[in-house]
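Shared between the two complexes below is chain A, which has chain B as its partner in the first and chain C in the second.
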Partner chain A sequence: MPKKVYKTKLLDQWNEAKELRSNYYRNYVKAHEIGGIRWAGGAWSFSAIPSGLGDDVYSLTGEPYGATVTYNKDFAAKCHEAIEAKGYARDLCAYMRNYWGSIILDKYVLGGEWPKPDFIWTTHICCSHAKWYQIASELEGGVPFFCIDVSVGPYHELNERRLNYVVSQMMDGIEWLEKVTGRKYDDEKLIQAVYNECRATSLWAEICTLNKAVPAPLDEKTMYSLYVINTLMKHRKECVDFYKKLRDEVEDRVASQIGAIGNEKFRVMTDTQPPWAFLELWRYLEKYGVVSIGSLYTFGLMGIFEVKEDGTWGPRATPQESGVEIETREQALRILAEWTLSRPEWQHFYSPELKSDMMMRIVKEWKVDGVMLHFNRGCEGLTMGIAENKLALKKAGIPVMHFEGNMGDEREFDLERTKAEIEAFLEILGAK
Partner chain B sequence: MKTITTGIDMGSKNVKVVILKDGKVLARGITLSGFDQKEAAKKVFNEVLKKASLSLDDIDQIVATGAGKEVAPYANSDISMVGADAIGGSFLFPSARTIIDVGAEEGRAARCDEKGKMIDFVINEKCAAGAGTFVEAMARALEVTLEEMGPLSLKAERAVPMNAQCTIFAESEVVTLIHEKTSKADISRAIHDAIADRITSMTRRLGIQRDVVLAGGVAKNIGFVNSLEKALEVKLLIPKEPEFVGALGAALAPLR
Partner chain C sequence: MFEKFEEWHRNRHEYARKWKAETGGKVLGYFCTYVPEEIIYAAGALPVRIFGSHEVQSTTEPHIFSMFCPFCRDCLAQGLLGKYDYLDGIVVAQCCLHMRQAFTSWRIHIPIEYSYYLYMPHGIQNPRAYPYLRGELEDFKKSLEKWTERNITDDDLDKAVEVYNTNRRLMKQIYELRKRNDPPLTGLEAMEMVTSSQVADKKEHNHALKELLEELPERKVNRDTGIRLMILGSENDDTEFMSMVESLGATIVIDDHCTGSRYFWNEVTPRPDTLSAISARYIERPACPSKDWPERTRLPHILKLAQDYDVQGALLIQQKFCDPHELDIPTLKLHLEKNGIRTYFLEFDVTVPAGQFKTRVEAFLETFQLPTDLF
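Our next item is the complex of A and B:
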């Protein structure tokens, strides 16, 4: 094992991240006890919009829930068995199967019965999202379901017509929300939630940008527990407050040369969701002085970036930072739609080349020595085109390997074989 | 001072041991891994030591490789299977740039530079359909010995397509071909062609660069070699004892 040369320190914000997460899942369950509303949908939903229904509106986002199920191997296996017994194929989205399985079993992964939502509010961009919640609605006895189609092409081709297509669905969606909940919609709450969402996703991009430093102040395994807050509540004030504190702490770590690992010698990046039940692989890397600094997935699933004046990636300036004051519902929705459509992880649904370009940018700016791609059978959306990304990286002379697995179904992951492949890759990098 | 190194390849079917003195082979040995691979490895290791007239204390470095390397006895370091193949293959054939290894349970390939350093690799998916165990299963279905399979396939009169993505499906195809009165020679060739196609497709992901070495126990099967040469469209370089390439590479690793 390489010698420790950098100081290390546990994150001060670690416990708060855990607390926010557990409060989130608990608040959703208890929402009805306080007369509040429960809604469910994808982590990429326009979560700021239901905020206009009041302060007592709580969500359950499906992907983080699906990942949480994966940590509980016994429960995940029961979910898979239950959904397969219903006749659904085992090669569908693994998060979706964990979620459907929970409905069929009528069990919430954190204990108790499945907490049925009052309505479903989601977006559609990957090949599963709309179907996921259509089936969920059916399995739950016909929960009202609204889905916004956001597949309008890559951000660099965005025009008024395409933006209007998304915004008009959002406008319809607000009328639908009023109808299904019987509540009057508050535009002020929407505007505040849009500010929060832009701020929270920009702050995460800023934190990821700080990881360009050597030693990396954060390792990817830790980042998994941090980026997730945005997948749960990117529109909420407590989310913004959390990321502000985290940003300040990470800035201090960079200034004080505090590393995520003390023996950093090599830097790698990964791609797509990890096999959640086997995160020990990331610690295995550390044995050889290898830190995973993140990935396009960890950075760009929720972080919103822009190209800065010097040509490098950094956090996108928020509307408020750009001097924009939001005054109307339509303006808020246009800003939210435009902001969200610039999300890095949405771009490669249209072309693997766009993803390869972003990956090569990360390799260069984050000083990455090698790339480890997860050919993730559990997520068709983010794995689509990954073999082409591999070819592009190889062509650019970047050391790259892939391993096969599944983010949410451990039956499709072989830990020992993957370790053997990683080991060979570390030999190529000179880390072993 | 002379340097004595040893490589132990803890393969899924066989354990192989090679002892080198300044890069020259002093002795080698092989045994079945069996149920207790560690014990089997100890036994063959001590036999090879005896053959070389050495004691354990005479060995400067013992390097393990192979699927069971975590339980290798006496080892003080380890190396990946593809890494060991690259070193062993390029030591035997300095012109080698691609080393393919087809063992009992796994097919893999490494690309190396002119110094024998591995620069890329590929390993087949978690399935033995493209490896030696597949040939054994098919030999049983054909009711011939493993040793007969290779020469038999050279007598084939025609190419019969077969799916080698799964041993179970392939076996049922063999049964169908038997019922259709297809000759054993043609079926044997179909089996070897199918594995060769799978290994070729895997190796093409690396980009095939000449010269190409074929290592691993399956390299002893002339029928497979014939099929693979046709599929890859290259003349393969095959070591005299191809199953020892991994152990040889492991023994050479400390000398690099």
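Our next item is the complex of A and C:
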């Protein structure tokens, strides 16, 4: 049977994604030059909320920063050494260690001195997040620090009390922001930021949904550079604009049968953050006609999905699409909290079964032939329950393998051994 | 004098089976000391803490990634091996990711009549946590009522609180005796007293504590106190380690462990609404590091303990891969040392290398015999 060959084409939006990212890191550094504000916090933060302080408010989200450090292997090694010399364990979150190391070394990964934030604004999602920024604040000499506890259970058990717990902390947080910055809070800017955030995260889910097509219009290695925009600025208009253009482009690719790789024969999905310093593995797969169509991580960390009428996953309708007009601060916060707690890559903190169900849904709807789980020593939050996910997938008859590594500490990744493990898996799939 | 406690802890499975046979009540295993046992007790059930065995096992490898702490894996192993086959239910109060994972794997793989995940807040320094937790406790109470088919009245709750407060008060009185120049109990005995209270019926435990208190103040232990040590860090029920340390010319006079002082240090202060009072007790108890933010309340608390108990040195122990303690230990170590308390760090696993640890602890203790200008 002749091999099917698909058309391929570089993404038109690729350069804009790069530009958005570099502008993000540059704008944060330069914020003070224009009299603006810098804040730091996790990518899971309610980033729409500080937007009410003005248009000149810029953030530095810790996880993407930590991943960026990983690309610079020499600098990452220095960061690890610096924090280990302070007595911190090397099995702690690798992003966090890259971040702390940068503070201690007083070096920003993109050059220059460490740009100290004016305040820290974050959420506590795993054992590390609040402690990450507690320690960062101390290392920086006592930067004001506010952290919202979102540990109210999985979305399907959300009730008024649990939502109110999160919303009341957000309300307190706004008062705190006014106090630490001396600025008056603008609810209109908050409302616009909430609209943006819902739109941007829904658009990313829409783009991921388009990847159900054969051939897949996007491969996961490319998606890593695209989903990340939401981890940096999901509340900003330029983020929404970018994803709209990307969505249109991916729709065209699907309509024109343009694939991410020309020789797509097998489709796999992964899990958790990849070993960022070794993304060549994803290109290695392509040699055998294997495309990774994404993962619960790439889809659901920043994409907000819902079950559609036909029972399949698709982008969640935004408040505006549902005819909801936000009029007050509290309403905006309630929508933001409820929206965020529906995030797919959050539910696993409460039950591996919830995650296994979502993974099996992706396998089915995205036509996945096999699953490659990254047992990621760098993030205990996203590897929580991963062994149970493996068992559940196996039980469902889905080919599954795992490889061990670390998203942000290359000392804990063996490239050749992993390639050998993947090759064995590809043989099972019949791809090699 | 402490034999009863040692026996309860060692034979905890037999104890629970016997309790069940005699009372016909249900036994509920819990994974973290943030579980409000009073409510379970008020429902007529026996709350028992799930412990590991300190025996090497391989049953949890398919269930929990090996970078999670040995304690959570050891606990799950006990369930998978059938050691807790008498449990009628399990409950976790939201704590570290590790114990939560042991709980969920248990729920999936070990047939059990009842399981409950209590969404205990992490942001305990936030005033919003009080009404929120009160509501979660109300849900837990209703769930227990449904399971046990028994209405938990206010009177039931108040009585349970009184039993638990008595237990806390008595253990604190016994801890108070450890401040003496010649403490009448060892750290090992104190540990077994507390861990046994986590598996025994509190009424029975209270009775034993009262008997102990009648004699303990006059007890003369046939040993030198030696170096006064504090022990703190991750979950620790390693009696072998405690015994080894205290055989080397030292006495552990105080701790900050969830198997020690953190478990019982504060009481439920009565309020018109008992569930609010219970909520406040769990929010205000000495914090686990996973909940100790944004302020570091553990630093002043631990330093005060060290000073009150006239501690010379502190053993900082940490279960391998225990992130919450890994995140606190460097700061704690500096804080204690700045305040004149020498520290020594040890990483624990399911089993500890007794010979190597003995040499290391000996070396640490020897530093107290050296001229101070060396440091």
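Throughout what follows, the second predicted complex is superposed on the first by the 428 of 432 C-alpha atoms of A that agree within 3 Å, B and C clash if a C-alpha of one lies under 4 Å from a C-alpha of the other, contacts with A are read in each partner's own complex, and residues count from 1 in each chain.
Throughout what follows, a residue touches a chain if its C-beta (ideal position, glycine included) is under 8 Å from a C-beta of that chain, and two chains touch if they have at least 3 such contacts.
Every value quoted in this text rests on a predicted model; they were computed, and no experiment measured them.
Asker: Figure out whether A:R417 sits in contact with chain B (first) or chain C (second), or with both, or with neither.
Answerer: A:R417: touches chain B, not chain C.
Asker: Go through the superposed model and pick first if A:E427 touches only chain B, second if only chain C, both, or neither.
Answerer: First partner only, chain B.
Asker: Quick check on the superposed pair: does A:G385 touch chain B, chain C, both, or neither? Answer first, second, both or neither.
Answerer: The answer is second: A:G385 touches chain C but not chain B.
Asker: I'd like to know which partner A:D252 touches here: chain B for first, chain C for second, both or neither.
Answerer: In the superposition, A:D252 touches no partner, neither chain B nor chain C.
Asker: Between chain B and chain C, which one contacts more residues of chain A in the superposed model?
Answerer: Higher number of touched chain A residues: C.
Asker: Considering only the contact definition stated at the top, list the common interface residues of chain A for chain B and chain C.
Answerer: none
Asker: Help me check something: in the complex, which residues belonging to chain A touch chain C?
Answerer: Residues of chain A touching chain C: 86-89, 91-93, 124, 126-128, 130-131, 134-135, 137-138, 145-149, 151-153, 161-162, 164-165, 168-169, 172, 349-353, 375, 377, 380-381, 383-388, 390-391.
Asker: Looking at the complex, which residues from chain B come into contact with chain A?
Answerer: The contact residues of chain B facing chain A are 67, 79-83, 118-121, 123, 125-126.
Asker: For the complex, give me every residue of chain A touching chain B.
Answerer: Of all residues in chain A, those touching chain B are 394, 401, 404, 414, 416-417, 420-421, 423-425, 427-428, 432.
Asker: Across the complex, what residues on chain C touch chain A?
Answerer: Chain C reaches chain A through residues 61-65, 67-68, 94, 96-98, 100-101, 104-105, 108, 117, 119-123, 126, 128-129, 132, 135-136, 289-290, 293-294, 296, 321, 323-324, 326-331, 333.
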